[in-house]
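Have a look at this one before I ask anything.
Per-chain residue numbering starts at 1, and chain names A, B, C, D, E and F are given in the order in which the chains are listed.
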């Protein structure tokens, strides 16, 4: 990456910013899909039951903590890989 | 969206057109995948059985009606959201 | 495709090259996901068991042979389709 | 169309093309399309019973209507939660 | 390569680059790649039994051949159905 | 960041923009993002038990740590296998 010259780096950082935006939207929509799928099962009414609402809250909170924890380990593994020249 | 100036709108509408084309292809290929997965289970021959062919027809028809109905509700919800300033 | 003029063909072949690179990365990562999902089930330790390692090897080998075989049939079907003007 | 609060920034010179404005408009429609595609998948799993008929049964149709409504409710709920968690994280710094 | 009937429009001036022609060529190869990827997934589910061996068994191999053929049949069938439904919709307007 | 050995080619003139260098940098971060997203999905399936609590249980947390580690092991293993198969194929020509 450090092989990019300053103008290339500038353009690249704009691309990265857009990708991060997209990644965030993707995380958001996959969270919605997962928690809907795992928590909502009553289609006799269009109102959420209190059980469903509670499940969606916990599912979302847990999913974010899940992603965060994996993010931490992921960073560590990447750092380790770079220090060891690609070996675990 | 109305904040785009005319030249931007022109370019944007070309982008939208291409995306709609891609979305249509995606709908088509996901329909094929779904109806194949749900209807075809006999691999003792390469010929479709009449039961499989019938299932594929009904599956496709149903999937398109399914998408259409969801599209209608989706539009209504979006309109409602815009009128209520983002609230359901 | 032959309707592209030389300059368009040149640009298009660059696009195709990038897409092939992406497709290869996609194949690779979907292989990893599949073999992880089908083979790794023991999370009492961070070390792979010998059974898991063996399963991953066979899973990978089989997946590549699987893709290759489908690729051959796919080519044949496409050729047939083109000769018959889009009919099977 | 400002479905997710992703509006363009105020316009620059009348005839110039702002790449970033077009791109944020693109992100917006991609987000809506993604939501729609996930709705199709999710509500198919929840509501479609089989393929005895090519028409939607009355029950399937009602289920789909409620499914879309509930999906939007979950979407809104998750949005609120993420905002409040984001604020909490910010306060803890 | 005109797999789905998406051909380019007749060429313009010899050396000029037509963005839209390149893009429709792109859409075409994306569609073929998407079909291929879905075939890989679908036929894996239908035919691959397990990983006792790294080689495909004879039965798995035969199943894959038929799976590809049947997938193309479904693809063609769905194409016909969508065309006839599209025409019906057009006539009902 | 040279996670998968996809480095850029040596830089050209100081101020010129090399499209292909930027694109290979893009491919690189896309690959990392794809790996991350698949990790999220795969480890959720393997480790998350339910939503009685919004917090990760101690057991779920440990499972996730090991899941990430093992996923990287499988990633490395598959990389080796593909390389050796690629070489074999090359020698058989």
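Keep in mind that, in the parts below, a residue touches a chain if its C-beta (ideal position, glycine included) is under 8 Å from a C-beta of that chain, and two chains touch if they have at least 3 such contacts.
Computed from a prediction, not measured in an experiment: that's the story for all the values here.
Undergrad: For chain A and chain F, which third chains touch each of them?
TA: Touches both chain A and chain F: nothing.
Undergrad: Please identify each chain that touches chain C as well as chain F.
TA: Joint contacts: the list comes back empty.
Undergrad: Quick check on the contact graph: shortest path length from chain C to chain E, in steps?
TA: Shortest path length, in steps: 1.
Undergrad: Farthest chain from chain A, comparing Cα centres?
TA: In terms of C-alpha centroids, the chain at the greatest distance from chain A is E.
Undergrad: For chain B and chain C, what's the span in angstrom between their mean Cα positions?
TA: 25
Undergrad: For chain D and chain E, what's the span in angstrom between their mean Cα positions?
TA: The separation of the two C-alpha centroids amounts to 28 Å.
Undergrad: Which whole number of Å gives the spacing of the CA centres of chain C and chain D?
TA: Those two chain centres are 31 Å apart.
Undergrad: For chain C, which residues are shared contacts with two or more other chains?
TA: 26, 39, 57, 60-61
Undergrad: Which chain D residues reach two or more other chains?
TA: 30, 65, 67, 69, 73
Undergrad: Graph of touching chains, which shape: line, ring, star, complete, other?
TA: ring
Undergrad: Mind sorting the chains in ring order for me, with chain C at the start and chain F directly after?
TA: The chains follow each other as C, F, A, D, B, E, starting at chain C and passing chain F next.
Undergrad: Can you name the residues of chain C that touch chain F in the complex?
TA: Listed in rising order, the residues of chain C that touch chain F are 18, 21-22, 25-26, 28-29, 31-33, 35-37, 39-41, 43-46, 48, 52-53, 56-57, 60-61, 64.
Undergrad: Give the list of chain B residues in touch with chain D in this complex.
TA: Going by the criterion above, the answer is residues 1, 3-8, 11-12, 15-16, 19, 23, 26, 30, 34, 38-39, 55, 57-63, 65-67, 69-71, 73-74, 77-78, 81-82, 86-88.
Undergrad: What part of chain E is in contact with chain C in the complex they form?
TA: 1-3, 5, 7-12, 14-18, 21-22, 25-26, 28-30, 32-33, 36-37, 39-40, 43-44, 48, 51-56, 61, 64-65, 67-69, 72-73, 76
Undergrad: Under the stated contact criterion, what part of chain E meets chain B in this complex?
TA: These residues of chain E touch chain B: 4, 23, 27, 30-31, 34-35, 38, 41-42, 45-47, 62-63, 65-67, 69-71, 73-75, 77-79, 81-82, 85.
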